[in-house]
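Two complexes are shown next, each including chain A; its partner changes from chain B in the first to chain C in the second.
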Partner chain A sequence: MTSTRSATIFAFALLAPALIYISIIVAYPLFDTVVLSFTNAQLRPTYDWVGWANYQRIFGAGNFTEIIIRTLVWTFFSVSIKMIIGMCGAVLLNAAIPGQTVFRILTMPPWIVPMAIGIYMWAWMYNGNFGMISGLLQNFGITNGPVAWLAYGHTAFWATIVTDVWIGVPMVTIYFLAAMQSIPKDLHEAAWTDGAGRFYRFRRITLPLMLPAIITMSLLSLIATFNSFDIIYILTNGGPSGQTTTMIIDTYKTAMGSRKYGEGAARAVVICIFVSIFCLVYFRAVRRLGQGEAK
Partner chain B sequence: MNTKRIFLASLVALSGTTGLAGMAQAEEINIILCGDVVTPVYTRLFEEWTAANPDYPVAPELVGWGQCQDKVTTLAVAGTPVDIAYVGSRTLKQFAQNDLIVPVPMTDEEKAAYYNYVPETVTFDGTQWGIPVAFSTKALFWNKDLFEEAGLDPETPPKTWEEEIAFAKQITENTDAAGFGMIAKTFDGTMHWFLHWIYTNNGQVIDADGNIVLDSPENLAALTAFKDIVPYSEEGPTAYEQNEVRAIWLDGGVAMMHCSVSCAGRGTEAGINWGVAPLPTGPSAEGPGTLLITDSLAVFKGTGQEDKVIEFGKFLTSPDNQLEYELSEGGLTPLRPSAGVDTLVAENAYWKPFIDGIEFGGPEPLLTDYIGFQNVMIEMVQSVVTGAAEPAAALTKAAGELEQYK
Partner chain C sequence: MSQLSLKHLEKSFNDARIIKGIDLEVSEGEFVVFVGPSGCGKSTLLRMIAGLEDVSEGEIAISGKVVNDLPPVQRGIAMVFQSYALYPHMSVYENIAFPLRVEKLPQPEVDKRVGAAAKVLQLESRLQHRPGQLSGGQRQRVAIGRAIVRQPKIFLFDEPLSNLDAALRSEMRIELMELHKRLGSTMIYVTHDQVEAMTMADKIVVLDAGTIAQVGSPLDLYHRPDNIFVAGFIGSPKMNFINGRVRAANGSTVVVDLGQLGIIELPRTSTSVAGQDVTLGIRPEHLKLGAGQFTLTITPNIVEQLGIHSITYATLPGGEAFTGLFEGNPDLVDGKPIELSFPIASAHLFDSKGLAVY
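Up next, the complex of A and B:
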């Protein structure tokens, strides 16, 4: 009994630094944000308790639901495209081709370049008058004049997705490549001996064995993309006409732009709920995959 | 026991050092300036002030433009305000209503020394809440070569909106350039941009009694003219802010644009054959107008030395010191008429339109949430530029939304 108790104390002692760290860095700010979301905190140092008023206001305003839907759509397309391109990239980089190492290195720049610099580079490429994309389209006679990609809701929406994909693909590719390389080669060799084609081998061996990696990467990417701020903020600042305003941009503008800290906190709590759901799905998936492997 | 003694001794030493440091800094005047460098004029003025007021030495802190406003606000909200800071005058009402700054009343003599409406840019509830320190007005810059290429007289700029639209159309149809450089990006400049149109047609956003009057016939005419010139502007104006349109103008991609005096030097440097004139006016205008934007020095509450800080702010912006600062900066419109300004205009004729526009110009409106105001104005402009809304409907909607910020 005594040894059990001392073992417990020892365990807690080992955990204590992490618990204290998480309490200060994560738990307290989270708790404080939830409390703040029930107040009318603004610039003034004092504030009052307003109950659910902030939540009623944000869900009463028609555009918040629109922003949630836009965020989900933006995230869905961005993550899906990253997964598809990342998988294609991993397959190509895994192939026995000359210069394989060079290609693997060339995959990295979007990840290595500081994100803000990469985004400003894209902002210039999207520029209608001086941008490379508009220039190329005009040179090849595809468009008659300049095209300002960030000027219209639909093109700006897709432009921000393309930039997010550009930044996110290297990580997905490298992760998938590592997973692909961990698949025993003899499985492919056996299938090849039995006459299985490349696509058949990919579909029946590679994909099933990579499923844990695909699910893990998808969910991690989903969480990161859902909260992606820099890209939209720098490229469009949520415009034009709010057509690229996602939940995180909306929260920033409310809390830090208009200094409505209480209402901004309420919006942040809604984001937190969404991300928590994604995390729950992720942990459940990880557990199931672990159980599957154990069997 | 020894440990306890050492601990107490350490505490005493620590409190002593921090206390002394605190006392030594207690009477410093901390000023936050936006930008990358303290200008030589300010450096000299700070030294002059410190020499005359050794108990109140100046401690300047530079913060980049992008973070400047946020830092000042955060310090004030956190209860550790800076003594005095450079802020956009449009923020003053919000600061004042949240009890973060102290009033800095002007005497009638001080008010009279400024150009028209300059005191109004810092006035709310009948008193002044900041000391104007930088002033910006705009005028029309045009590319004479593009005018000539389009068959227009290169020496005759448009004087009215009607002419401006007609000229822009002629240039767009007869040259490779767009007639007009328009700003409509999701950026504060878009709000400012439209306010120039409002103030060149005798319009207002909020009247002297605090009523929102955005949906007035004058403003409807302004937004309609704004819409009418879109087809003759650069492609996709909602993607461009001021600096980006200026780059297109400097590249010969647009023939006309509204710009501050900084475009004069840049145009010459880029080899543009340019001219500058007062902003074209609308049908209700009584004379040349422009938006009068000022930045101010705001004195924050709770530092315990507000009176001395106000004295410092007034010293920094006294007529002679202010003019010296304005002339050294190059692109700032002078805040006060003076012999020095007359000399400036006589030596550099391109300054004249920037001064002439002041008479019928208007101040940046003071509202309780300037970001909220800005967002409403940007949304209104973009909805018209993109064709999503008609001017009348957009104005009515925006006017309704502004009620919460008055």
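Up next, the complex of A and C:
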């Protein structure tokens, strides 16, 4: 009994620093945000309790639903493309090709370059007058004149996805490569001995054995991409005319741009609910994968 | 006609020559064991036959057809890997059926062949399980099942029992021998365990540093080793070697001076060993307690009493390790000198190059 109690106390003592830290920087702000979302807090030093008014306003009028759908579409395409390119990259990097190490190193820069610098580089590449992309297209005669990629809604939407994919692909590739290399070589040799070609082996051995890695990476990438702020903020600031405004940009603009802290908090709470659902799915998937492995 | 024929086979990885010109003929239905110490090239040789390693030089022919450039599946072989190489995400059924799925055989045929293999290997009740739910022996059987369903001309086994515990290993050894009898197929089996080689093989191929040290039946290798390497490798405990010098070789006998142990006269016709440094070989099990044709006295450092027999370990005056194996439990004590002898006929003699002198 005493030893159990002292063990419990010891465990809490070890956990205490982390718990205090999390309480201060995560739990308290989260709680405060929820409280704030039920007030009309603005720049004034005082504010009043307004109940569900903020939620009624954001869901009742305006374009919040549109922003949610846009965010989901943006996230879906960005994550899907990252997964597909990451898988292709991992397959190529895993193949016994000359100069393999060089190629492996070459995948890293998007990840290594400070994100803001990378994004500014893309901003310049997208520029209509001086940008490399527009210039190349004109040189090859594909477009007649300059194309300012970030000036039109549909091109800006895809341009931000392309940049997000560029930044995100190295991590996915390396993660998939590691998962691929953890598959014992014997399995491929056994299948090759039995006459299975490359594609057949990929479909029946590599992919199924990588499923845990694919699910984990997809869900982690989903959460990170859903919350992606800096790429859109630097490239378009949510423009033109809100065509690249995702939930996180919208929340920032409401709270920090319009100084409507209460309403911004309500929008943040909605993001939090979405991310919580993704996390729940992630944890359930991890648990199920764990049970599958134990079988 | 031999079923498998290797001619001047060579394999190099960059500058390192791993297989150095191997010639070998294997007849249909033979159980051939490649045996040798780690790094002797036995697994590489098997992988070359399987088609998992390219051939640097020479020729591999199966049923008279050169297969050097053919992929494994077209060679008519099936391989069982050391790690079993089972697909962890597939059921036992799907693991065994894998080669048939690749061939796109119709489902009834797949059912029939998997069912037949499962029956032979007593896996019928396990077909829906995953490999992770099976014991080591059962996993091994699944791996064998996957090889059987392909109905190959030649089975290749790469140290298939090395991951099993001792009891299971001897059980599986018997199962494999029964399987060989039942199927009558040619089997090539790689092991570093000379007991496996001696008990299972029709023909043993002893490999040493990428070359064949000797090919022969297990008892041939035991009784008439061609060289000191085979003599030392085959037999457990291993053969004792005593350094000596030939005093005289007259065409009918060779007189060897063994230093402090005395002089021994062996019936040998060779005269070329005259004056050479030679090695005398005597198997521990050929030693007897008490005086005999050639008698020597040793002081064992360690005595192991195993019930069925006793083993003594000693060091000879010349510094050579000397092991004795005696039936039953004679009264042997560490540090107490004992008198031993062996019949002259059981002694082996190796010249200065390590080749047997007969």
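Here, the second predicted complex is superposed on the first by the 294 of 295 C-alpha atoms of A that agree within 3 Å, B and C clash if a C-alpha of one lies under 4 Å from a C-alpha of the other, contacts with A are read in each partner's own complex, and residues count from 1 in each chain.
The criterion applied here is as follows: contacts are C-beta pairs under 8 Å (C-beta built on N, C-alpha and C of every residue); 3 or more make two chains touch, one makes a residue touch a chain.
Values in this document were obtained by computation on a predicted structure and should not be read as measured data.
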{"item": "Touched partner set for A:Asn127, first chain B, second chain C, both or neither", "value": "first"}
{"item": "First, second, both or neither for A:Ser241, with chain B first and chain C second", "value": "first"}
{"item": "First, second, both or neither for A:Ser276, with chain B first and chain C second", "value": "neither"}
{"item": "Which of chain B and chain C A:Pro184 touches, first, second, both or neither", "value": "second"}
{"item": "Which of chain B and chain C A:Leu209 touches, first, second, both or neither", "value": "second"}
{"item": "First (chain B), second (chain C), both or neither touched by A:Pro146", "value": "first"}
{"item": "Footprint of chain B on chain A - complex, ascending", "value": "42-45, 126-130, 145-153, 156, 236-242, 253, 256-260"}
{"item": "Chain B residues touching chain A - in the complex, by the definition given at the top", "value": "70, 73, 76-77, 79, 94-95, 98-100, 184-187, 234-240, 244, 247-248, 251, 253, 369, 371-372, 375, 378-379, 382-383, 386, 388"}
{"item": "Of chain A, residues touching chain C in the complex", "value": "184, 186-187, 189-196, 200, 204-205, 208-209, 211, 295"}
{"item": "Interface residues, chain C side, partner chain A - complex", "value": "50-52, 71-73, 77-79, 81-83, 85, 87-89, 98-99, 101-103, 130, 132-133, 146, 150"}
